[in-house]
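Okay, so here's the structure we're looking at.
Each chain carries a letter (A, B, C and D) given by its place in the written order, and its residues are counted from 1.
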């Protein structure tokens, strides 16, 4: 019996190694096509909402969630979509790409018509293949232009992307005669992703940064990097990061007596900046996706100000727009994913909340970015309050 | 290391028959085949099951580390990352075997160095040392942009195509096969001199020394084994997400790895699988709790840690004993 | 030269954040031998309670008092919970670490649900005033933090050295069997140790909220930094935690100032690993409890 | 002779603080030879074994092993290096892994060849080596008569059986030199015979055995040569019969426990031991009501009854000595009365029932306790330790008054008030422990082996302090090996063996016959009731110190 046993064992080992050797690395998308039709009409139409409700971006995610819920209530109060109410399937991806990709399958499995989400660029990039394979339209609010470059027919962006904002920044620098930028980008995907695009944009306009440095979003004090900027002979600082770090930058600037204007991204509109920095938040310029004087914006802000205790954050207003775009699409072509996708490529709406007065939210087969660059409005912090920037 | 207080209860006689070495992997392969061919779960459920298998593989090494050698580490996310990034960088250009081996070798080397440097320390000090190691790993992942592409991570990593399957089913099949192999090795290690040396080293270091066992060397060996299995697990996680990103291999991942054998039951041969099901699948299926999901999960972990030190294994043993008593009673 | 001085002062301010967190961890470890990964959550809970009390129109001191009361109550409950299993058998390390990590997850989520996830700020009485160093100026509440850390250390040190409860706590920390033989009520002392650690956490949270934006998600990093500070001091000496925290703070500030921010983030883990490998007993601690046989 | 493996030590010395545990000892054991090491408790027997086995590093002296011609210097080497050279050490308590089966525990001892770690990969080729190891383990278990228990988890076996499994492990390890640390303590008579025959057959097969044992009957049976240790120095060495008959040895060592040695020495009645303290004035004969009364005390370790139905009573100002062989359950009785162990039976102090209450409650109601090991909290200062004791006590007097009273009893430590307790010598720590109990103003003080590890010169002042304590009206219950001290300080004696009372009465009537019965179990112990478990051949009894002070 002994030799037989040994050969048996050797054979088993051989097959295992053979199997391992035979395998190769497949590169096609790792999700299956699914045939489950979206929810039958009659009961609610499900829309998937993907947000990083836990983890570092929990704060903006919470604001957007409230925006989505308030908008859904208004739509359902007004009779929903041709009589059928909409239901939001809100899930937390915790900023983790693996969970994000899994959630695409979960939304599809639960019959979502479309996916609104998510906030972090790396997760949207990871979801791209899964969304295409699942053939479900996704309206992402991450702003990295790498997403646009993927040219995934099923993925749309709210915009403006980093590219759009950079065009706006370069235009303003030229109009203000500022020529020596100190470039500070944060080490998250938001900053790291935008850095090359920013450097290209500046080079194209003939502006070479006198300083290019990075900083961490959870740093307690950023005065060191601002001191370097001050001593680098720059005439202004370009800071590319998410909301709260602008408060730390503002306090740092006050500490080192920076004296230079800080040009930031649309995230600087986050009310947390004024709340955390107080009067120190001054001399900070940013392009806000929302113009508070716009009539439509005024109407929504009045209704929601009680909900947000004072100022309604821009994130909540952009959530309003995202849901409106999707619901308009469903109202036009019904709860069918492919038809909704095709319809979105023809979507045009001038009176959404985001963008300057007269700006148009527009998609086309070749452009999946809702708000193109020039549609933003320049604002500035003045001793803790936000007002339209002079010369915008 | 403080002695592990095994709960005083009449344990059934330990018939460590050697059949478990084959039966356990066989059961896992059977269940895997059944899931793929019979159950055919939806894409989301299959993806969760694959994640469970991936973390179970990483937890086999961790089960050896915590269960056999009694060493606590909260930095194994570093080894998950080594496997994940090696796969994301090398899988497409160099093929799967080279990618897996590269991840394993890198993780092994780091583990040997960290083990030799840190394993002389007592429990808390070693645990926080590994926490610092994990934190350092995250800083490197975020900032070594030339290799890891920083926070944007590396996308477009392929996946292991096996048995002609495509997509997540292929990754699931690969995960099940690798899990079976690692479970076989876990059982083989348990009855080998090295495994016994680890166990006696945990329970009574002076007696182990008197028996000729080099206690610190067995601990380094256990740490390296946990790194190797974590690297393979990391490679599978990277395949699932289609790429390697710093946020996948953060401290929360290291904590999940530590919780799996504790909830499963330290040293129990089924702890990696059972623990992974609870730690990875439960939060996914607690989603109906929405905001309170993580709160409930935290309470569950604390209660098991404090009042059920033997984990689910202790429940199973209690059940077996109870059934035994009823049959003979 | 003023630049270096500026960085050192900023470093001391940031370092006292780590020191305050480390003090809470050492207080619990010195009282019960347990390491608490949820210390950051005690601080966040204290800060958020204070923010809401100030929001409701009360002053800074009533807010501090409210925070301390709420967090001490949480510490009492957790102390009771964590002492139950230790009554009749020995508890070992990996179980306790998981237990406190579970508590950290739960508290972070619950604080997020009750207080919202937006980062909050709490103005200390010294808000708005600065200490000039050359043409640079340091916000005054950095100094308040430093004084706060020293004050909390002083109170904890005095309590351990000069009160009967402190004496019994130190006996339990030195060796549970010896304390039990001496007639100390070990179970009750463990609960007291947790409550005091929570108290320190509450005060620390309120002090820190004037410098660091407080959000539930910031709890775990705060706790981990506190661990780095405590370990450098040898995990058993309150003075060690303060020195360790300040050391990391200054090292980070100088690295951030003169090198780059990436290295600044690497300072805490590198310093921690270096101390563990070179002087495992910690700079001030005794290596009595560190070596493995 | 040259090729025989021999372990030889020259000038070994180690000191713990002020106490010179081992002071310049030469000892040698060769293959096929059994060397007994005897001496009173605390003479340094175990410490010597720790030095030879590498568990403790010597301050001075050399340990060399000559193994088939090559000699290896080992004094610095860790324990594992010696194990590989065939020197196997057995601990006083069975150190098995409870979760592993008996067979696996024995397999741990089987020496693993160079490439053993390959077996961890579970390659089919290593099946042969695994089976060989299995068979070796099962053969060894068969030799100790536990073949049928091979698959049982070690935690399930009785303490005696665990000791036999450890013996099997030494057999399976193919040891050349065996270092045994009191292998017979806590074993029943039948188990002693099994172990003794095993040691004898090992010696005849050529294994060198170093036997540390205080049970002289076994030493006489097995040892070719014997080394008598006293306070860390070799008192005498040589063939067993002459050495044990040497009058100096008899006086210093055997006289101490006044033992009738089988044959020849029956009538030797040596002078009373070194303690020359006058016996306290005879108290009035009328028996006063007992201040401490314990009825039917039972303490269990798992399913094993460590103390089985002990009654004791002591009146104010009286002294009760509890004596008995190692492992008789003396300390367990004290810890049971103090509430530090879960125990059944009634404990009444000055009329108030204390059983079922927690230790702090008992201390508050006048019970004082002086533990044997871990006597003081090392990190606290002397004064802080005393304060700790006062806090736990009845606080009848203020702390200052209590300190005043204790100060004159133990002037020496009062002077070192601010020093940390860890810096005190063994004797001073013992004094501190007693002072700590006294400062609480107790009515009864339990003392657990107060002179263990104490240098002989300190025994006299210690006995003096106890006597003055009793003169203050405090009742004293002391567990003590040193019979001379018990005789000088106690009015009544209780003899314990294997957890059961075997003799009790006034000190005057405790003569050689009583000592013989208590220590050597000449007659079977009079068991009060049927023992709850079926009478297994190996009587269970706890090994208290090691188990409790972990």
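Please note the rule applied: a contact is a pair of C-beta atoms (placed from the backbone, for glycine too) under 8 Å apart; a residue touches a chain by one contact, two chains touch by 3 or more.
These are the chains along with the protein names UniProt gives them: A = Branched-chain amino acid ABC transporter substrate-binding protein; B, C = Branched-chain amino acid ABC transporter permease; D = Branched-chain amino acid ABC transporter ATPase.
Quantities reported herein were computed from a predicted structural model and do not represent experimental measurements.
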Pair with more cross-chain C-beta pairs in contact, given B-C and B-D: B-C
Remotest chain, chain C as reference, centres from CA atoms: D
Distance from the mean Cα position of chain C to that of chain B, given in whole angstrom: 31
Averaged-CA centre spacing for the pair chain D and chain C, given as whole angstrom: 45
Interchain centroid distance [CA atoms averaged], chain A/chain D, Å: 73
Two or more partner chains touched - positions in chain D: none
Set of chain B residues in contact with two or more other chains: 3, 142-143, 206, 209, 291, 293-294
Set of chain A residues in contact with two or more other chains: 54-55, 187, 214
Parts of chain C lying in touch with chain B, wherever the complex brings them together: 29, 35, 81-82, 84-85, 89-99, 101-110, 112-113, 220, 224, 227-228, 231, 235, 262, 265-266, 268-270, 272-273, 276-277, 280, 289-293
Chain C to chain A touching residues, read off their complex: 3, 6-7, 10, 13-14, 17, 109, 112, 116-121, 123, 127-128, 130, 135-139, 211-213, 215-218, 221, 253, 256-257, 260-262, 264-265
Of chain B, residues touching chain C in the complex: 1-5, 7, 66, 72, 74, 117-125, 127-129, 131-133, 135-136, 139, 142-143, 205-206, 209, 215-216, 251, 255, 258-259, 262, 266, 291-295, 297-307, 309
Residue numbers on chain C that touch chain D, as the complex places them: 164, 167-168, 170-171, 173-175, 177-185
Footprint of chain B on chain D - complex, ascending: 53-55, 78-80, 83-84, 88-89, 91, 95, 97-101, 104, 107-109, 111-112, 116-117, 119-122, 126, 130, 133, 151-153, 155-156, 173, 302, 550
